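What follows is a group of structures, each given as structure tokens.
You will see chain A twice below: alongside chain B first, and alongside chain C after that.
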Partner chain A sequence: MIARVIGKATLVFCAACVLMPLLWTLMNAFKVNADLLTPVPKFVFEPTFDNIAYVLSRRSVFGALYNSLIICLSAVGIGLVLGLPAAYAIARYPNRITREIQFFVLSLRFLPPVAIAIPFMVIWLNLGFYDTRLSMIVTYSLITTSIAIWLSIPGFQSVPKEVEEAARVDGYGPYAVFFRVALPVAMKALMGALAFSFVLVWNEFMLALMLTASNAKTLPLVASEMSQQGLNVPWGILNAAVVLLSIPPLLLLGLLGNFLNRAFAQKRR
Partner chain B sequence: MNRQSSLPFVFLVPTIALLAILALTPTLYALSMSFTDRSLFSPDFNYIGFENYLQLWSDRRFLNSAVVSVKWEVITVTGTMILAVGLGVLMFECASPRARNIYCLIFLIPVLLPRVCAAFVWKFAFHPLYGIVTYPYRAITGKPLDLLADPTSALMVVAFVDIWQWGFFFAVIIVKLLESLPPQPIEASRLDYARPWQIHFYITIPMLRAPLISLALVKAIESLRSFDLIYVMTRGGPGISTETLDMYAFSQGFIESGKIGYASSIAVFMLILTIVAFTIIWKKVNK
Partner chain C sequence: MAEIICRNIRKTYGAIEVVPDFNLHVRDHEFVVFLGPSGCGKSTMLRMMAGLENITSGELMIGDKVVNDLEPRDRGIAMVFQNYALYPHMTIRDNIAFGLRRLKVSEAEITARTAEVTSVLGLEPYLDRKPTELSGGQQQRVAIARAMIKTPDVFLFDEPLSNLDAKLRATMREEIARLHKKLKTTTVYVTHDQMEAMTLADRIVLMKAGRIEQIGSPEEIYERPVSRFVAGFIGTPAMNFIDATVMSEHGQCCVVNNEIMLALDGTSFNVEPGQQVVLGVRPSDLVQDATVTPPLSGQCDLIEYHGDHALVSFKVGTSSLHALVAARKRPFEGEQVNFAIREGAAHLFDQKTGKSLLRESQSVAAA
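Moving on, here comes the complex of A and B:
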């Protein structure tokens, strides 16, 4: 029984290791520098909204937020339009070719980002698209499409074959079966896959660092730049920027948790 | 299923063609650049054969970054797997199904955080004067503790943040894997008075061998994307003690000298090494 108590205490400790730093950051976002830079951590303080207001009023932050949203949502949109049909074809027509394709799609994840970032930069410079949202969308769609394919294959496989057969008997062609039956039935699993691809590009840093200079800068870049303002790091503002940057992925937490549950529930069958 | 349908071609060909173009063009371009003395600052360049690659082997900094990269891979992969297996088993044994669901959601958070954010959160927590992690040390000794400025500990601190992000996430996956195992062998051994650690050490972990190897492989691949974490936390420093291959390629190409030809040869070296290694391992694991 003692072992059980220790085990439970360890679990609580681990949860604290996850939550404490985040709560601390959230608190710091509402502190003035005098409360923030104290040798003894301060838990009671008078909250200020200056940091948040400063971050939201900066044009660079607002521009980056806009860029991030446009670029990531467009890339996820491309991943949806191109990736889901491909995933369906791989799931429903298992043969040697589709297996090779599946491996090819996975192997794209093996590419070290630095190996494609340098040439992409030169290519976009030559084409005159360097530092534009368009070039970022195209580059990111490589990530979103491959991840969307990889993660939606199990979703389509979980659609019962009988349902599709029944639709076929009712006179649906193969395309109608995909759009009217497979897509709606697998929708929940597919949402999770798309959410994952969104989080990946939202958090992406290295490609953005190399492929943008000012116009198409994304939010992670602007946040990282704030820490490089010499000795007087505006920690309160920085914490506020971190909070802003973390909100979208955390909003998707429930969706992604469900996605994992579903994926493993399916495996059990 | 109707095999004559045009659907697989219509659905696959455009997508795969686009992916192939988007992936192969830069790869081949990097390969061709690696044979040139191209620089960021001038449009002219010459093909110089394998000179960049030969130069790599006498470049101390390159060799150092290769060693750092290998260290980084080993530390983060083993650290993540140990934390994940330990915590996964602990959740399976000690938490009720309801508590388990809550823990699973909490433990998903770190991996969803942008790495830039995770890096800041911990960089401030490890701050020598104001950090909350270094506070106990300051309170006891009265001296500041700067772990990120010490060459021996800096890599460990950055690796700690990486393990914090991935270990908890993998623990969630492992608890789901444990739940998906058939319950009979576990119950049988419980009836034989096996201790919980014995059950897991001798029965469940061996049963999960294949998925655990796949997980370790996934982590090894993701560990290659360490750039953002290191860039924000240490910039490769102090000195070059946390400079991994991609960090070095970046600083050669963009920060110090603009030698993108040379930087490309580092990138291509990395690319070939990872593709060969992971293709072989992946095909072996998923036979």
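Moving on, here comes the complex of A and C:
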């Protein structure tokens, strides 16, 4: 009994640790500076929409939002198109070569982004694609592909081999087995790969900072720029930008979560 | 409908030889069971027939064509897997129809054929459910329906009942037997359960370490095991084995060791005096009888009550023997018991080769 209470209390405390900063950010997005810069934090205040309005009124924000959506969705799309078949091959035909590939893909993630940012900058400058959405999509695709491969391998490994063999006996070739059996069966596990790679590139800052100047700027860059205006840090605006920045990944996770819940609910019935 | 011919089939994984040389002719309409301990290569053999494993060398014919290099779909086979292997993301209806969809069969015919097989197997109420919502027995029935609907030339079963509980296994065994009576499709069935093999098979192929130990009807395998391995593998409770030496006394053939001396009909066995042999007797072939001299006698040290029968354990010298007696006539633990071997029920095996020493022409009367 006591153990359960302590357990519950620990969980509530941990949840509060996670949720409090998020809630604080959300609240601050609707405060005027006078409410923000007080020694005693205010929980009750008169909400203002000035911050949100200011953020939305800036053309750079919409440009960046557009860039971010195009770049991230394309990169995630390419990552899945290239990564899923690769992960399937690695999961289904484990041998020395595929094990090496698997490790190599992971090792790409060991590299600090700074280490590759400068070579990338030179490459894109030389090719004449610096500060374009195309160069950002290609660069981010490298990240999403490696994440998609790494996270999908367990998903495909969990598909029983006999189910695929049954499909072969039923007359389907290797491609049909992949698309009509392995992919749908592993779908739940693959959603995680999709969500994670999207969030990763959506929040990516370092490479975007190095590889864009104005045309292809992404939302994290624009949001961070807002802290550099004038002497006073515009906390309200900054928080409003953060809230705006969080909405697309939340929407995506919400959609995926809904999909997962439905999939699981069906299973349990 | 088709026959299956295996000629000198060999299978290796790298340096490991799993099946060295496999020869078998499965006749049309026949129900053949591959039986053997795990790792004896029976599943590998079946998977080679299905086209899921490459054949290293040799020739496999199904019907009148060599299928070594054909895809599973071009072999005219259907397979049922041990863990059912249903498509978890599809409804039962789609699971059953999946194979026909690939053949571009018209939707009307798919509906008709699905209705037919589901009515045979009693699956109508579950057609719109997902596989995970069904019990193990129902799932296996779906797997059988999925195999049946393609009207294949050959059915392949890979230990289809081993994931089911004992009662359900007996029911499904009966259903498979009925189905085969009705469809008469050539069937190869892999199992490690001798009960399944004995009840279902027209012929049993008993395998050990990739080799065929014996091929025969269940009765032949039970009555005339060609080796000590087969004799020990088939039959529950297992056969008793006693090491002994063959002696000849006054022209009478005997098997002798420190504790026993049994007279044998010398004409039934290919033995020479001095040969080291193993005497094999099934527990049900030991009869309580004190009139025969000298009997197998010892002190009863354990009784296993089975209901209609009781299994009596007793020690004769160093070897522990089992006898199956009617439960009403069972002795008490600690009691002195005398058993005789039912006439003509003894088996002799060579100690070195393990081969049966029974003369070829000699037939053993049914026990």
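Following the convention adopted for this analysis, the second predicted complex is superposed on the first by the 236 of 269 C-alpha atoms of A that agree within 3 Å, B and C clash if a C-alpha of one lies under 4 Å from a C-alpha of the other, contacts with A are read in each partner's own complex, and residues count from 1 in each chain.
The criterion applied here is as follows: contacts are C-beta pairs under 8 Å (C-beta built on N, C-alpha and C of every residue); 3 or more make two chains touch, one makes a residue touch a chain.
The model shown is predicted, which means the values in this text are computed figures rather than measured ones.
Residue contacts after overlaying the shared chain place A:S107 against chain B, while chain C stays out of touching range. Contact comparison for chain A: of chain B and chain C, B touches the greater number of residues. By the touch criterion defined above, A:N215 reaches neither chain B nor chain C. In the superposed model, A:A166 makes contact with chain C only, not with chain B. When the shared chain is aligned, chain C comes close enough to touch A:V185, but chain B does not. Overlaid on A, the two complexes show chain B and chain C touching the same residues of chain A, namely 168, 267. Listing the residues of chain A that touch chain B in their complex gives 3-4, 7-8, 10-11, 14-15, 17-19, 21-22, 24-25, 28, 36-41, 82-83, 85-86, 88-90, 92-93, 98, 101, 103-116, 118-120, 122-123, 138-139, 141-142, 145-146, 149, 168, 174-175, 178, 199, 202-203, 205-206, 209-210, 220, 223-224, 227, 235, 238-239, 242, 245-246, 249-250, 252-254, 256-257, 260-261, 264, 267-268.
Of all residues in chain A, those touching chain C in their complex are 160, 162-163, 165-173, 176, 181, 184-185, 187, 266-267, 269. Remark: chain B residues 1-3, 5, 7-8, 10-12, 14-16, 18-20, 22-23, 25-27, 29-30, 33, 87, 90-91, 93-95, 99, 103-110, 112-117, 120-125, 129-130, 132, 135, 138-139, 164, 168, 172-173, 176-177, 179-180, 196, 221, 224-225, 227-228, 231-232, 245-246, 249-250, 253-254, 260, 263-264, 266-268, 270-271, 274-275, 278-279, 282 touch chain A in the complex. Residues 50-52, 71-73, 77-79, 81-83, 85-89, 98-99, 102-103, 130, 132-133, 143, 146, 150 of chain C are the ones touching chain A in the complex.
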